[in-house]
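Before any comments, here is the structure.
Letters A, B, C and D mark the chains as written, and numbering starts fresh at 1 in each.
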C-alpha cells in the first residue's frame, strides 16, 4: 500500500502521521513535526523534513528513539523491521552465527547503551558482521552519529516504498552484465549466467538468466532496490556457449564455467560487469 | 635410484631386466625381449622397444599382462602402483567415493574381463572418475586398445623416472603464471598466488607462491611431472596488491581475490595463464 | 522534399510517377508499372514493386536501363547521380585518379557494353576502386547481375530519402564508440575522439567529438546513412585524458594518441568500437 | 677496434690516453687525469673516473670543454661526432629542418655561450627538436648542468663501444613484442611485424620481422643500443594471419593491419609491447 505525495500534502495532520509515521520506528513525533512543514515538492524533501525533526530533537529524545530500535537478529517490534531483517536472512541464521550476533549485540549495548543499528537492506549478512566488528571499535560520539546516519538510510528506504511522487530519493542500485564473444565478433546470445552472493566459503545463487540476442540479460540481475554491500560472483557458462557454436575446444575445454568475483561497496551504485571471451581468454571490467 | 642409459646398454641381459623390468607390471618377459635389441640411442627408443614387445605379443599374453594390473583404489601388488595411486589420492578416498570406485571397478571387469587401467599420474581424481564412466561405454575392442595406450603412458612415465640419458621422453607438463599491473605499467611484484585443484564444489590448494620482481613465480606452479588432467583455479590476491601500493580502492575493493578457473586437457602441455589487472579490470588468456 | 507513402497511395498514376520516378535513372516506365500495384503497405514494398518491374522487364529494356546510367567520375545526367558521386568525392578527384577512373571505365565498357554501376554512397573512393578492379574480372552474366543488384541498392537508398512512411527499408549503418578508463574504473569523460577515413597512406577526418560523462559521444560518429565500405581509423587522445586527471605518466607518455584501425564491410551494419584504457594498456573489440 | 679493460689497466699513461682519450671530445687532459687512477675494476668505474676529471675541473676548463663540442647538424670535428649525428639523421635533414636547427643553434649559443649538446644516439630527430626548444627556456645554471649530464651520457656510450671488460655500463634498451592468437589459444606464428619511427605525420620503418613458433621475433626489434627517445608504431599483419589460418573474416576484414603507437621515454628501458588478438578484438600493454 503506497500513498501519493499529492495526497499526503492534502491530508489533515493525523492522517499524514498515520500514513508515514511508521517509517520512523516507534517515533510518531517525527511525523507530527513534519506535518506542519507541508506541502513538500518532492518525496526527498518530505524525508529530509522528517529526518530534520530527528536531527534537531533534544539529545534525550534522539537517544530514546535510537534505543527503540530492535536488536539485529533478535525479536522485532514492527513489521518493517521484520521484513528488513529477513531480507538479509537474519531471521534464519545457523545457530553459531546467531550466537555470534547475540554476543556482538551484548558487547555493543554494554559499550554504547543502545542497540546496533544498520540499514540491513543495504548489506549482506557478511557485510553486517564486518560493520558490527568495525563499529564496536568506534568512540561513543562517532558511533552515535553513525547510528543516526543508518537511521537516515533506513527511513529513506522505507519512505521510498511507502510514498510515490515527484523527486523520489535515489535508493536503488543495479548489477548487470553483457557478454561479447570476441571469437565471433558478436554478442554471446543464449549463454547461462548466474549471480551468487558469497559468504565465507559459501556461495548462494541470487539470480540467473540467459543472455539475449544482444548478449545482455533481459532484466538486470539486481535492480529497483539497494544492492546489498558484500561479495558476489558472476558465473558464465562459457564452455557451453562455444560448444553450442560448434567451436573445437580441448576436452575438457580450457574455459568452462568462468567466475568473476567482485565486491559491491555502494548499495545505490550501478555495477555493470561485462565479459569479453573466446574459448581461450577473457576480460572483465567495471563498465557503465 | 636411477640408472643411466649407457649403463643399461652395457649390462648383461639379467641385470638389464632387473633394472628396468618393473616398469612393466609383473611382466619380466618385456624386459627380456628388449634386452636383445640393445644398444638404444635414446631413452625414448628403449621405451618404444619395450612397448613393442607388448604390442607384438600374442593376444593371450597381452590379456594376461593387462589382467595383472591392480584395481584402482584397491590393494596393489607393486611399489610403483602404490605410489601412483597415492598421487591422485586414491589411497585416501572418503567412504562414498571408495564405494563408487568399487562399483565402477566391478561393472568394468564384468563387462571387459580385465581391470580398469589409467595412467593415474596424468589425472585428477575427478578426471579419473570421468574417464571411468566414459570408457565403460566403449566396446570391447576400443577399450582393449585404450587400456594398452594407458599402459604405454604408465610405463613411459615409470621409465622416465628410472633411467637417465639422451632423448628422454617428454612426460612433463607445466602450469605457470605472470602478473602485470597495467595500472602501474609494470610487473606486479609481491602478489600472493594460489593454485587449487577442483573436485566438484571442493577446492584444495596444490601450490602457492609470491610473484617476484618480474611478476612471475620463481618456480612454475607445477613442473617436472605430468599436470593431472582436471579442473584448476588460480587465485590472485589483487586487492592486497593495490592496497600495498597505496592505490585508493572502494571499501570493500571491487576486486579482491581474483579466481581464474581453467582445465588441463593435456598432461604434458604447458599451461601459461597470465593475469593483466587494474583495481577495476582484468584479463587472462592461455599464453606461451 | 519528401512525400508520404499515404499520399503516394492516393495520387493519380501520373502524379505518382512524377513523385517517385526519378529514383530509377531515366526509366519512367518503372514507376508507371508500379503505379498499378498500389496501395503499398510499406515503403519497402513500394521499392520492391518498382524493382520487380526492372527484374521482370525484357532483357533489352534492362540493358537500355543499365546503359542509361552515367560513368562514375564522368558527367552525370541527373541531380541524384550528381549528389551521390559527390558523396564519395568523385566530383573532385586529383588528376591521376581521375585518369585511372577514366581508364577503368573505358576497359569496363569495352568488356561489358555498359557503364560500371555501383551504389557509391555505400563505399569510400578506395573501396569503389577495389570493386572496379575486382568486377572487371567477372564474366558478363555475373557482372550484369551485379549491376542490377547495385541498382537495387541505389534505388532503395534514393527512395528512402524521397518517401516517408511505414516499413522504411533498412539503409543506415552506424559507427559509435565508448571509452572506459579502467585505471579509474569509470567512463572516460572529456576525451577527444576523431574518426578518419583512410585512403592509401592518407587519412582524412570525417567526424570528431568529445566523450560525455558516460564515456560515449553524444551522437554516433556516423549514423542515419550507409557507412561507406572502407578503412577507418579512430583516434583517441588517451595521453591528454590521463594528463588532465593528473596521473603521473612517462615523458613523453607511453600512450598518447591511440589509433584503432578497422574496416567496414557492411554499409548497413552497426560498428561499435569501444576502447578500454589505462596509461599503459588498452583493448578494443567489435562490440554491440 | 675495441680494447680490453685489462689491457688499459696495464698500458703506460700515453698509450692509455691514446686508447680512450677520444671519448671526451677534444679534451686529452681527461684521459691524462684518469690514467693516474688505474687500475679500474670495471668499465663503469673507468668512465666515472674520467667524468670525475670533468666534474672537478675548474669552471673555465669545463666551459672550454663544452664549447669544443660541435653544433648539432653542423660540421663536426671528430669521427665519433660524425657517426652519432648520422644515427639520428642529422647529416641528411631536409632544407627547412636544417634551417630550423641552424636558427635554434644560433638562439641557443646567443643565450648560453656554448653549443647545444645532447646525446643524439638516445633520441629521435623529433625528440632532439623537442629537447632543443625546452632547454632554450632553461636558465644558465640549469642548462650548464644539463649539458654536462648529456656529456656524461655521450661519453659513457662512446666508452662502452671502445672498451670491453667487467662491469660494462648499462647503455642498451630494447623493443620487443609477442603475439598471441587468442582465437586459437596459441602463439601467432608467421605474422609480419614492422616497427616504424614516427616524426610528425611521417613514419619510417626501422625494423621488420616475422613471428616465430612462439609468437615472438627471433631478435628484439631494437636491442644492444639505446632506444632513441621518441614515438613509434608497431604494425601487425593481423588480417593476413587469420586469412592464412583460413578463418572466415568479413571482406574487407574488420582488422587488417593493426597499429600500436607508443612512446619511448627511457633510452635504456625495456619496452615489451605484446599483442593479444582475434579477428575482432585486440589488447596491448607494456609488458615485461
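FYI, contacts are C-beta pairs under 8 Å (C-beta built on N, C-alpha and C of every residue); 3 or more make two chains touch, one makes a residue touch a chain.
Given the structure is predicted, the values throughout are model-derived calculations rather than measurements.
I want to compare two interfaces, C-D and B-C. Which one has more contacting C-beta pairs?
Of the two interfaces, C-D and B-C, more C-beta pairs touch across C-D.
Greatest Cα-centroid separation from chain A: which chain?
In terms of C-alpha centroids, the chain at the greatest distance from chain A is D.
What is the distance, in whole Å, between the centres of chain A and chain B, each centre taken as the mean of its C-alpha atoms?
Averaging C-alpha atoms per chain gives centres 46 Å apart.
Distance between chain C and chain D based on Cα centroids, please, to the nearest Å.
It comes to 46 Å between the two C-alpha centres.
For chain B versus chain C, what separation do you get between their C-alpha means, in angstrom?
Chain centroid spacing, chain B to chain C, equals 57 Å.
At least two other chains touched by the same residue of chain A: list those residues.
Expected reply: 182, 185, 254, 276, 280-281, 283, 285-286.
Touching chain D in the complex: which residues of chain A?
Residues of chain A touching chain D: 182-185, 254, 276, 278-281, 283.
Mind pulling up the chain A residues that touch chain C in the complex?
Residues 180, 182, 185-187, 214-215, 276, 283, 285-288.
Which residues of chain C touch chain D in the complex?
229-231, 250-259, 261-263, 265-266, 280-286
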